[in-house]
Every structure is written in structure tokens, then in C-alpha cells.
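Here come two complexes built around subunit A, the first alongside subunit B, the second alongside subunit C.
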Partner chain A sequence: MALEGGWAGKILRVNLKSGEISHEKTEKYIEYIGGMGLGYKIMWDEVPAGTKAFDEANKIVFGVGPLTGSGAISSGRTNITSLLASNPFHGVSDSHMGGHFAVELKYAGYDGIIIEGKSERPVWLKIEDEKVSIEDATLYWGHGTFQTIAGVTAIMGGDSQVAAIGQAGENQVNLSVIRTGLSHSAGGHGGVMGSKNLKAIGVKGTGAVHINMENMEWYKLNQFVLSIYGANNQHVVPRTPQPWAEYDHPGSRWTAKEGLYWEQADPPIETGVCKPEDSNKIGYRTMKAMLDLGANGPKYTVRMGGCAACPIRCHSHVKVPQLSKYGVDPYVANTCMGFYAPSSIMFKGFNVDGESKDDATVIGRSLGSHMADDYGVWCNYGQLARDLKWAYEKGVLKRVLPSAEYNSIPWDKLESGDPSFYLDFYRRIAMKEGELSRLGEGAFWLDKRWNLGEEYWTYKDNKLWTKVGYPVHHSNESNGQVGALISSMFNRDAQCHTHQNLIGSGLPTDVQKEVAEELWGSKNAIDEPANYTPMNRGKAKFAKWSIVRNVLHDSLTLCNWMWPMTVSPLKDRNYRGDTSLEAQYYTAVTGKEMSEEKLDQAAERIFTLHRALTVKQMGTTNMREEHDQLTGWQFDMDPDKEPFTAGTIKLDREDYEKALTMLYEELGWDSKTGAPTRATLERLRLKYVADELETMGLLPA
Partner chain B sequence: MSDEKRTILDKTMNRREFLRMSGLSAIGVSTLSWLLPGCTSNKEDVAVFETASGVLIHESPRCTGCLLCESSCTSVNDGKVGQQLARVKISPNYMYGQNGVSGPNWENGTGEMGNFKLNAELCRQCEQPACALACPENAIFEAEKSGAREVDPEKCVGCGTCERACPWGIPTVDTETNVATKCVLCHGYSACVSVCPTGALHFVSWDEAIRKYEDHFRTEEI
Partner chain C sequence: MEKENSKTALEQIQEASAAGFVLHESRLCAELAEEELALVGSLSGKKGTYYFDPTTMTSRYAGIMLRLEEKNYLDLAAETIRDDSKKYPRTTPLGVLREAPFSFDEESIKAILTRFNEDPQYKDLRKCTASNQAVHFYSAEHLDPGQAEYLCEYEEVGRKENQ
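The block that comes next holds the complex of A and B.
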């Protein structure tokens, strides 16, 4: 069976120990689609249970999918799979990055890269179409990501794409990233590259992705997708009332409006009114800098940016001349947590001499963003800052740091709001300087070392979701049990936006409920915000569908910050989107007939394999008790309020157990333990997984 | 070549005015021998091209680098998607601008990693198209309706002379088919213009193009 479209057809395998470079045929992996699915399959087949993230036996898989590079809308993402060092049992996990690395890899002729073994000296991987070589990286080792990416590009040419680690990754800091382009970071696996002495991967591709659909038909399919696209996170109503819009919502990222400019563009460009039918203005809909950088964000905005083949430009590109005072280039770009996470390191706020509060915020956030990116430090979805705040304010740091070290840290800068605190802070984390740098190990290991106590886990504002040591990420604030369940299923913060995008779409709850009834058979799958009802079957189906589509997107690869097209901005479609588009895309590109149901089943296979990998790595079937339990604040918050009353997102313990049971049932997992059963594994063509788990005594009774 | 295609080509050639210009022809041949050592041509005619119906222009401040123009260009024209073949060329200078990393002070140069300014190379549909004049097979002709300079795939031998002759390197040889491609203005449709999510690409008349540039420079003076 030859692959005629979509997939490149081969996967690159690089052994850094032996220097051997070989190829795998993609064909044997297509039941796992690509990207995330490819990663899990390889991890299952090739990395033994009990391996630790920085062990030589661990592998790291850069996966892209059949849609990557096809021009499908928002298909520019790279999925990275490996063991995660910040996780207590070094569970399998994914990190993702946008930019242009993924499409370049496809044009070079690869559906993925498997990195194995460990080099004896620092190296980087050079990929120019079929020409692949392991190069000396001594020159780059010890340098930040910006200089490394520039160095590799100088050798490979301006039309190449580079992914690199900073000093944090080199030093095997658990919380470290792999970064590409100007503003795209995959959080969590930088240290795995570091442990293999792999500093960077440079890719240059001159080939093409073949489309198995008549040219203009493919073009029209993409035009249709654009016609139902919204703004960032598929928010489909504007943030402010506009004449064309029936609805508006203050939480919407459809921020464009008259009088809102990219003020540093030359000449300044007005975002203006962007009607849904004006596809040549989609890129203005999300003026993200006003969210990322606060009220004065627009004043510094040169333009927006983002990933390959995506019309939603969600990365703020700003020019902040004041940064030169800190020795940093004035041009900075990032999005969301890339700005917020450093911002919350400075938890006392920003103060810069001669600058307004709003200007100081822009200066501070952009400086923090640049420093974190250059050193390649991961924020653990904002947890790093909360851990610093807790340890500082609770006197933990005074207790655990040698006094000389404690006194050497410029706490006065933190106290006074001087952003130059970042220069010191991120260096210590990335270079593993002193005891403070333990913050870079992640919540679980930090508690183990510093004895933070039960209060650390149960304090609501620490936002720790489970004892696995990661925080909320669209959890109980996102439709109660639905977000809660989704957040408990992975080995790091859930990166699922399927549910959040619908809930945050800006459409009235009544419209969302109609959509829920059509998709999951029950209006009750969706509650009013912060006014929840007890668990029901519709919510379990909604949670399952959200995860399945998330996994699907990371395998195809499509951006789950935009996909699926659950709803649209079009009143004449009754605000409906089209959930069959992923299957239509798959069929069009690969030439293999695919239904929505069959594709969802493939994604369910991938997610069940993820669960099986977790069972295997943890050595227990008891996922309910050992993996899926919450830290407690979710049930104890708002003591004066009862769960399922207006004005609280509080959950109920018994109801949460029921929710787990219902989700396990929907997924065909053992309803008691939450481990995949043989019947389900066989239904999903994972018999070999069932067989292996059985020999390990890890199949539920 | 199919009869149908030959008829179209003949029609185009009839409409065009071909002038026998021996002096220029000699320059053409000598240029060829410089561009393509070892390749000989018996081309004697040099075509005079009429101005194309309009031109693509790129408004850099609006360009955010999604490269949907490139993917649409290649999917519509080639049935496959890649950057190398794209006739709208933004990706080659996307990261570090035209000077690349080796240029001085790249941090403040153009490109995504510099001052964010993205440059596009677009086919100018030149009045005297270097690609067509250099082609040893006379394979680049003027399309009847759009006036775009197009490659006749039946005549093209994939030698790449056009690519090297064009000052902006617009024509590109498809390594899979060994045939050169270049911007054909999508036969009057312009997929890249239609897909651009920030309206940074425009297909305009020559007069309008000049007007737009004048407007731009006026703005700069203020």
C-alpha cells in the first residue's frame, strides 16, 4: 500500500550514539495517523517501562502528520513526544510548537524524527532533504536559543527552520523548552535533548506535500474552512458590540474594532471592523497584544504573527525600545503564557523609572518573555511563578537556601518591581545555580525536596490540579466536570482546547446547549458558567469527544487552539460549524476515504495507547486512585457555598468519582480502576498492547 | 503537445508581434552560453511582450508571514504544496531578511527574527522578461487574456536558465516534473491575493501600482 498524498512516506531515525542515520516507512504507522499517534506508538514499541526521561534509553520523537504542510488551515504544528522529567513517574507526554518547523520537515520529506542514544559531545542535526548529518555543536553549547538558531541558520541558509534548546535544556532542567522561530516553544522536553547532547535540529526542505484532490476542489475546501473560521480559540463573536454582530462577549479574542491599531506598523494599521465574510481581514480579528501586554500593548505593536498556514495571527510582535536598557533587542514576540508566565514571576507588579504603570507592564512582560525564551526555561503553565511566590512568602526559601545564596538574590528588585530581576532569576534556573534552581524541577520534586506540606497542594491559588504536579489548564472553571475530567487524564497540564473553545466562543449558553444536544445527545452537557449541575452522561460524552479531537489534531497535525469547527460566526448557519472537516481534509489529502466516526476512533486508539503507556510506566492499573485524584481545593473552595449552586466552580467529591466512572465507561476502560480493558484494546486494534500488559499483570480483572 | 494547446499557442503568437532582431538575438545567445555552459540554442527570434493586464504587489506592513499565499499558489497550480515552487516568494527571506544572518546587525535587520518586516519576491510580468528572453526553447509566452508570461510545459526542458536569468529568481524548476513554473496570475484569478488573511497582496493595474507606491512614499515624507 503506497502512500500517495499527505504523508511524506518516511520517518528519519537518528542514533546519536552510533551516528547511524536510517529511515522507517510511515506506512506501518498510519493507523496512528502521525504526530502524537506516531510518538506514542514508537514510545510503546521502543522505550522500556521504568526508563527515566534523561536516561540514554529514552527517545524523543518529533512528529508531524498527513495534513502538516498541506496548506490545510492551521496545520503548522509540531508534536514532540518523550518521557517527562517533571512528572513523578517520568510518564509519557507531549509538548508542541507552532511556527514553520513542522512544514519544513514535511517539505524535506519526513513525517517524523526519532532521536535515540546519546552523543558523546554536543551536536546538532542537519537535515537538507535526503542529506542528513550530525554536526559539531561545541560552538553553540552554553549559548541561548536566539544565538543558536542564528548560528545554525547562518550555515544552512535563510530558508531553513531550526529548533533548539537553551542553557536550561543543556543542563537538564526539568522545566525546559525546545524552541523554534521567534516565539514558538514546546514546554517540557528541552532537557531530553540536553541529555542526548543534542543542541539543535536544522531543517531545509525543497519538496512538496501531494494533495489527492483536484486542485480547485482543495482550494474551495480551504475557502469553506475560512468562511466558518472565527478569531483566536475559535471565538465567533466580537469582543465589543458591532453593527454586523447579533452577539458580543467581553471574553472574546475577536478584539478588532474601529480605532484599534497596530500602532508601530509603518504606517499604523487599523484592525477595524472585521466582518465574518471578509476573509482578507481574518488576520486582524485577533489583536492579541491588548490582552498579552495590557492596555498599552497596541502602542508597541508592529504586527501580529503566528504559524504556517494559519490566518489567525495570535502572536503579538512588539517593538519595545526600552529593552535596550536591559541589553535586550527591542523586538519581542510571544503569546499568552509566553507573556503571562514571566509576568507572574514579578508577583509584586512592575515599576520602571519614568514609565507609566501600563508601559512598565509592557517592558516587564516582554523582557521576561525574552529571557525565558533565550534560556529555554519552561513555566510549567505558570506553576513556576506560583511556586516561587509560595516559597518566598511562606518563608520556605529562607529555610532551605543557604543564607549566602539567599542574600545574593536581588529580592529588592522583586519587591520594587524592577524587571531586571528576570536577568538574575532565569539565569539561576537555567544554569542550575544553587538551591533556588530546584524551582526548575517542577511541583512534585520541589515538594519532595523542600517539604512543602499538604497545604501547598490544597491551597486554591496554587492551582495544582493533581499530585502529578501540574496546574489547572481549562479545568473546573471550564464547564465543571468536563474540564475537570480532561485535566486529570494526561501526565502534565492538559493542553486540550476543544471544550474551552466552545464554552469561550461567546455564543449564548442556549445556543451552545443546542450544539451539545446535536453532538452529544444532551443539552445538559453544558451548564451556565459557574452554575453547574451534577454529573450526567452528556458531560462524559462531551469530555471524551474533547480529548479525542485534541489528540486527533495533535496527530494530523491541526491546531487545537482553533479546531474543531464546533461553531462558526455565521448567523445564516445558525452559528453551526462543521465537525466533519477533519475527515474531509484527511480524505482529500491522503486519497483514503475516511469518515468522521472512523477518524475519531483512530484518535481514541491513540489516547487509549497513552493511557496504556501510563499504566505500564506507573506499574499499576489503579489509575483512579494513583493518577486521577484531585488535590482537594476543588472540593473545599468557597466554604460558604455548596457545589452546584450559582457563583461557584466548586466540585463535589462523590460527584467527581461518578464523573470518572462515566468517562471510563465512555472510553471502554475498566469502570473501577480506569485502566484500559482487553476488550477495548482489541476493539481499537491494540491487541499487542493488551498482550504485553497482561504479561506484566497490568490488565484490569 | 496537444492540438488544443497548440491552437491556443498559435493564437497567442499570432496576436503578438514577433520582430526579428538579429542584434539582440546575438546577445541572447551569448547570454545563454554564459548562463548555461554547454547548452546550445538555435533560437533566433526575440519576442516583444505586451504589458500584462496588471501586477501583484505586496504591502509589507500588513504581511504577517502565514505563507498561506505560498501554499495556495502551489496547491492551485501544482496539485501539491511546497515553498520551493511557490511563485510568491516570502519564505526564502522570512526568518532573517534578504541579508540573512551573515548580514551586519541581523537583530535589527528585516525578517521575523529582525524588525518583523517581511519581503516578498513577486513576478513583475516584466516588459522585457529576462526569463522568456533567455529561454533556449522559447518556451515562455504571453498568455492571451492575462498577458502573464507563462511556461509551455511541452517546450520546457527544465534547464533552469529562466530561474537564473530572472533577477528575482521567480521561475522555478519543479524537480519532480523537470518543468519550470512561474507566476501565471492564476489565469486572472490570483489565489494568493484571494487567500491572504490580512489583505497584504493585491492584483492591481500598473497605474494603480504606481499610485499606491506614490501614496506610500507621501506617507513616509509626512
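The block that comes next holds the complex of A and C.
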């Protein structure tokens, strides 16, 4: 089958041991779309069960999809698939990064890169269209991501894109990232690159992505998408009351208003009021610095940045001159947890001589962001900070660290709020210096080594979701059982925003309920926040749809921080979005007719393959008991309140089991164990998976 | 000046709404014709009728501007809190009232809070405080106190931890 649009048509395979560089045809993978689907298929076919993340037999797949680089709105994501070292059984997982790496890979003519084997010496991979070479990285090894990316860019040119690891990745720290551009990090797989002695990948392409649609039709499609676009996270109402808006919400990321400036721009730029119809001003809608850096964020903001083909600029680019005192560049860029998670390391707050509290917050968060990014340390969605706090305040560190090491750590800086604590802390983590650096192994391994006890897992504020060792990520605070189910299905924190974007859209619950009835057949799929009702079928359908669309986006690739277009800011559409747009884009770009239902089924195939990979890696079908169980605080929190009463997000044990059963049923998995059945695997054209699982005794009875 | 004088009442309303204001009936240069009335929105306040252009301003925003025009800050604050509690539902951060379009000064806020405490017609309005000391208000007629406490804490603290 010829691929006429969307896909580049080939996948690059690089064996770092033999030095062999070859190509695969993309055709055989298109049932898996691309990105995440491509990664899972390759992991199933090529990485044996029982392989560990840093074993030479593990592979790492950089996957992009048919929409990447096409100009489809918000299609600049790279999906990275490999085994995850912080996971107890080294389960398959994904990390993702935005920026411009993904589209450049497409322009170079590739739908993905499969990295296998291990180099004997530090190398980086140079991709210039067809010309691919393995280069010596001795010069960069031991250096941070900023220097490495700058060095490779200097060689390849300013129109190249580079993804690199820092010292954390080199040293195979479990919690390490792969970073590209100024501010785009994929958390979790930096150590896999390090284990292969691969420091960086540079890519430059001169090709194009072909689109199978007439120019004007393509233009109209994109204009329609822009017409229903909201702000970051598809928040569709402004943060403050504005003349054009029927609704508003103080939690909305639609921050644009009169008097709000990028104050460090020259001259300062006022975001002003950005009405839905002003599609050329979408880039001003979200000023993330005022959310991520506090009240004084705007004072330091030069501009907002973001990813290829995305009008939403959700990364804050700030100039903080005070950072030169700490020996780092005053220009810092990041977003969300990139600022917030390092901030939580300084859990006693910030205090900088001669600076106001608000300025100290900007200085501290920017410095933390820079240090974590440069060393390439991953926050594990904020868990690293919570683990430090727990171990420090509970006296664990005094117990497990040699006294000389404990006394060498500048705790006085942590106590006083001096951000220079970061320089010491992140170095120790990234360089694996001493016992403290075990924090970089992740929650499961940390408990195993330091014997943190059951309270560590069941303490609500530690936010640990399952014993797999990852934290909440839009979990039970996000529509109760729906967020809870989604959070339990992956091998790391769920990176699903489908449900959260709707819940957090800013629209009243009653409007959301109407949408729920149209999409999942029941208004009861959505509850008022913190006023939950028992599990029902609508919630199971909502949870499944959320996961399926998340997987779809990471395969196409589209940004799940914006997609799907479940709702819109338009009153004349009754705030409805259009959930068929992914299929419309797919058809337009690839030239292959695709319906919404068929595309969702392809994504279901990918997610079921993820589940099968987990079954195979864990060596058990008993996903319900071995994988999907919660740590306990979710049922025991708020002891004075009962589940399903106003004011609590507490879950009920029996109800959660019912929720699992309903979701398994929706997915066609065995309702007892939560493992995929042969019938479902065959329905999803995964017979070969069923056959292999059967030979391993891993098909449910 | 000549151009100003040549405006119709409809154009006056449209211009005011485009600038973010409602227009009191007394400021119209002429009575609205029947066909013009069909094109505008109107709201009744304590001091008469106010007009707005529904193509550029929602009735919700017009209601806010009407209260501000009449300097009826107390009712505006109470209605906003009750509306938030009933419609979304959510608590209302006190800080919202300091920002545009409300832009209440500290003296006005103090006076409002005093009336909330003392006047029985506002007895449904309750205060809750998040762990970062931010103050929110809600209407107990529409929102359970426990739910209000959760929503207040989530908005101030939880939302940042769950990005």
C-alpha cells in the first residue's frame, strides 16, 4: 500500500553497537498510526519480556505520526517509547516532548527513529535528510543539556533541532529527561539514552509533509479548528468577566485582558482582550508566567513560546537578571511542572536578600527550572520534591545518609529559602553523588532501599497513586472515578488531559453534563466537583473515551493538552466543539477516508497493545490486583466524611472495584482480571498478540 | 462634534457596548424606534433602564456594568457570589473583586464585608479560607460548606499541584 500523504514513508533504525544504519517501511505500521502506536508495536515485536530499561536489549523509539509536520493545529509532539526504569517491573511507557524536533524529523523524511544496541563510546546521532551518521560525543559527555544542544546546533546549523540528555541521563538516573529546544522535556527515558551512550540526536530536514487535500479546503479546515480553539488546555472562557463572555472562571488559562503585559518585551506588549473570533490573537490568550511564576511573572516575561504548528503559546520565556548571581543565564523558559516541581523542592519557600517575596518566587522557580533542565533531572510529576520533603521531615535522611554526607548538604539554605540550594541538590541527583541521590530512583525503588514503610504510601499528601510508584495526575480530583480509572491504567503517571480539559474548561457543570449526554449517553458521566455520585456506565464510557483519545493524539501526533475539541468558546455553537476533527485531519492529510469511530478503534488497538505489553512484562494476567490497585489514602482520606457526600473526593473501595469492572467491560477486557481477552485482541486485529500471550499462559481463562 | 451629534441612539448604544459600558436611558440622543429596540438589550436598575448591544456584550456583563454604573457594589458582590455558587458551582475569590471589571478599592471591600456580616439579607454568604490564607466567599443556599471549603482550597492550592 503506497503512502501518499502524512507519513514520510520510512523509519530510521540505528544500531549503536554495530553502527548499522537502516530504514524500515512505515506501511507495515500504519494500523498503529504512528507515535505511541509505532512505539508499542516495535516494543512488542522486538524487546523480549523481562528486559530491563537499561539493558542493551531495550530499545527506544522516537515516534511521530501522519499529522506531525502537516500544519494541522498543535501537531508538534514527539512521542518517545521505551521501558521505564523507575517502574518496578520496567514496564513500557511513553514520554513526550513538544518543540520543533518532531516536525524536523518529518522534514528529514522519517516517521520515527528506532535506537538499539549500545555504543562503546559516547556518541550523538546526526540526521540530515538521507545522510545519517553516528558522531563522537566525547566533547559533550559530562555536560548539561544547554551546552550540548548549543554545541550540536553549532555544527548542524540554526535550522536544525536537537534532543539531548544531561548528566542525569548519562548516569542512568531513573528520573531523567530528554530535552529539546529551550524548554521542552520528555520525562522518564533520559537514562535509556545514557545506557546506550547516546548523548544527543540532531536532525535537519529539507523535505515536506504532503497533504492530500485541496489548498482551499485545507485552509478552511484549519480556519474552522482555529475558530473553536480556546486557550491553553482548551479552556474556553476568560479568567475574568469580559464583555464578550457569558461565562468566566478564575481557574481558566485564558488570561488575556486589558492591562496585562509581557513587560520585558521591548517595547512591552499588552495581551489585551482576545475574543474568540480574533484567531490571529490566540497566541496572546494564555500568559502562563502569571500562573507559573506568581504575581510578578508578567514583570519578567519577554514573550510566550511553544511548539511547531501551535497557536497556543504556553511556555513562558522570562528574563531574570538576578540569576547571574547564581552563575546561570538570565533567560529561562518553561511551563507548568517545569517551574512548579522544582519550586516544591524548596518546600520552605523562597527568601532572597533584597528581593520581595514575589520577586524571590520568580528567581527561585526560574533557577530551579534551569538547574533541573540542564542536568536533565525529571520531577516524576512532582514526586521527587514530595519524596525529599517526606524523607527530610520524617528523619529518614538522618537515618539513611552517612553523617558526613548529611552534614555536607546545605540544609540551612533549604531552611532559609536560599535558591542556591538547587545547585547542590540537582548536582547530587544527576551525578549520583551519595545516598541522597537515591531520590532519583523513583518512589518504588526508594521505598525498597530506605524502607519507608506503609505510611509513606498511604499518606494523602504524598499523592502516590498506586504501588507502581507514580503520583496523581488528574486523578480522583478530576471527576472522581473517571480520573481515578485513567490514572490506574498506565505504567507511570497518566499523561491524559482529555477529561481534565473538559472538567477544567470553565464551563458550568450543567453545560458539561449536556456534552456528556451527547458523547457518552448520560449526563451522569459528569458530577459537580467534589460532590461525586457512585460509579455508573456513563463514567466508564467517559474514562475509556478519554484514554482512547489521549492515545490517539500521541499517535497522530496532536497535543493532548489541547485536543480533543470537546467544547469551544462559541456561544452560537452552544459551546460545543467537534470531536470528529481528528478523523477529518487524518483523511485530509493521508488521503485515506477515516471515520471518527474507526480512528477511535485504531487508538483502542494501541491502548490494548499497551495493556498486553504490561501483562507480558509483568508475567501475570491479574492486572486488577497486581497493577490497578490504589495505595489506600483515596479511600481513607477525610475520615469525617463519607464517599459520595459533598466536600470530598474520597473514593469507596467497593465502588472502585465496580468502576474497574465497568471500564474493563467497555474495553472488552476480562472483567475479573483486567487482561485483554482473545476475542478483543482478535477484534482489534491483534491475533498475533493473543497467540503469543497464549503460549506464555497469559490469556485470561 | 458634528459627527457626535449625527449619531443615532442605536449607534450610541453600540459604541458604548464596544467600549465595555452600558448606556443609561437619559443619555440617549433620541428615543429608540421599535425596530431599534429589537436590536438592543436592556436591563432595569435602581435608577432606570440601561441599554447594551447584545452582539458585543453579554447580558451577564451588562448586569455587572449596570451595578458599577449605579455604584451598587454591595448587590454586585452578593449577586456575583451567589451566581458563582449556583451556576458553576464554585467559590468566589475575594481577590476577583479587586480586579477589573469590579476594581473595588479596599474601603469598598471593607464596607461590603461589614454588610455581609451584619445584614440578615446576606446571611447566606459565607467566608472560607484556603491554606495559603486566600479568602473566598460562597452562598450556603447553593453550595454545601464542605464542598465550598474543598473548592476554595483546590482553586488556591490544588490547581497548581495538578497541572
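By definition in this document, the second predicted complex is superposed on the first by the 701 of 701 C-alpha atoms of A that agree within 3 Å, B and C clash if a C-alpha of one lies under 4 Å from a C-alpha of the other, contacts with A are read in each partner's own complex, and residues count from 1 in each chain.
Basically, a residue touches a chain if its C-beta (ideal position, glycine included) is under 8 Å from a C-beta of that chain, and two chains touch if they have at least 3 such contacts.
Computed from a prediction, not measured in an experiment: that's the story for all the values here.
Superposition of the two complexes onto subunit A shows subunit B and subunit C fitting side by side, with no clash. In the overlay built on the shared chain, the residue A:G158 is in contact with subunit B alone; subunit C does not reach it.
Looking at the superposition, the partner that touches the larger set of subunit A residues, subunit B or subunit C, turns out to be B.
By the touch criterion stated above, A:F54 is placed in contact with neither subunit B nor subunit C. By the touch criterion defined above, A:A308 reaches subunit B but does not reach subunit C. Shared-chain residue A:P241: touches subunit C; no touch with subunit B.
When the two complexes are overlaid on their common chain A, residue A:H474 makes contact with subunit C while staying clear of subunit B. When both complexes are overlaid on chain A, the residue A:Y392 reaches neither subunit B nor subunit C.
After the superposition on chain A, the angle subunit B-subunit A-subunit C between C-alpha centres rounds to 80°, nearest 10.
The superposed arrangement places subunit B and subunit C with a least CA-CA distance of 21 Å. Across the complex, subunit B is touched by residues 69-71, 73, 100, 103-104, 107, 146, 149-151, 153-154, 157-161, 181-182, 205-211, 214-216, 218-219, 222-223, 226, 262, 265-267, 269, 279-284, 302-313, 317, 319, 329, 331, 333 of subunit A.
For subunit A in complex with subunit C, the residues that touch the partner chain are 240-247, 249-251, 257-259, 291, 336-337, 340, 382, 463, 472-474, 477-478, 500, 508-510, 528-531, 641, 645-649. Across the complex, subunit A is touched by residues 17, 20, 56-58, 60-61, 64, 87-90, 93, 96, 99-101, 144-151, 154-155, 158-163 of subunit C.
Per the touch definition, subunit B reaches subunit A in the complex via residues 61-68, 71-72, 74-85, 91-97, 100-102, 106-108, 111-116, 175-176, 191, 194-199, 219-220.
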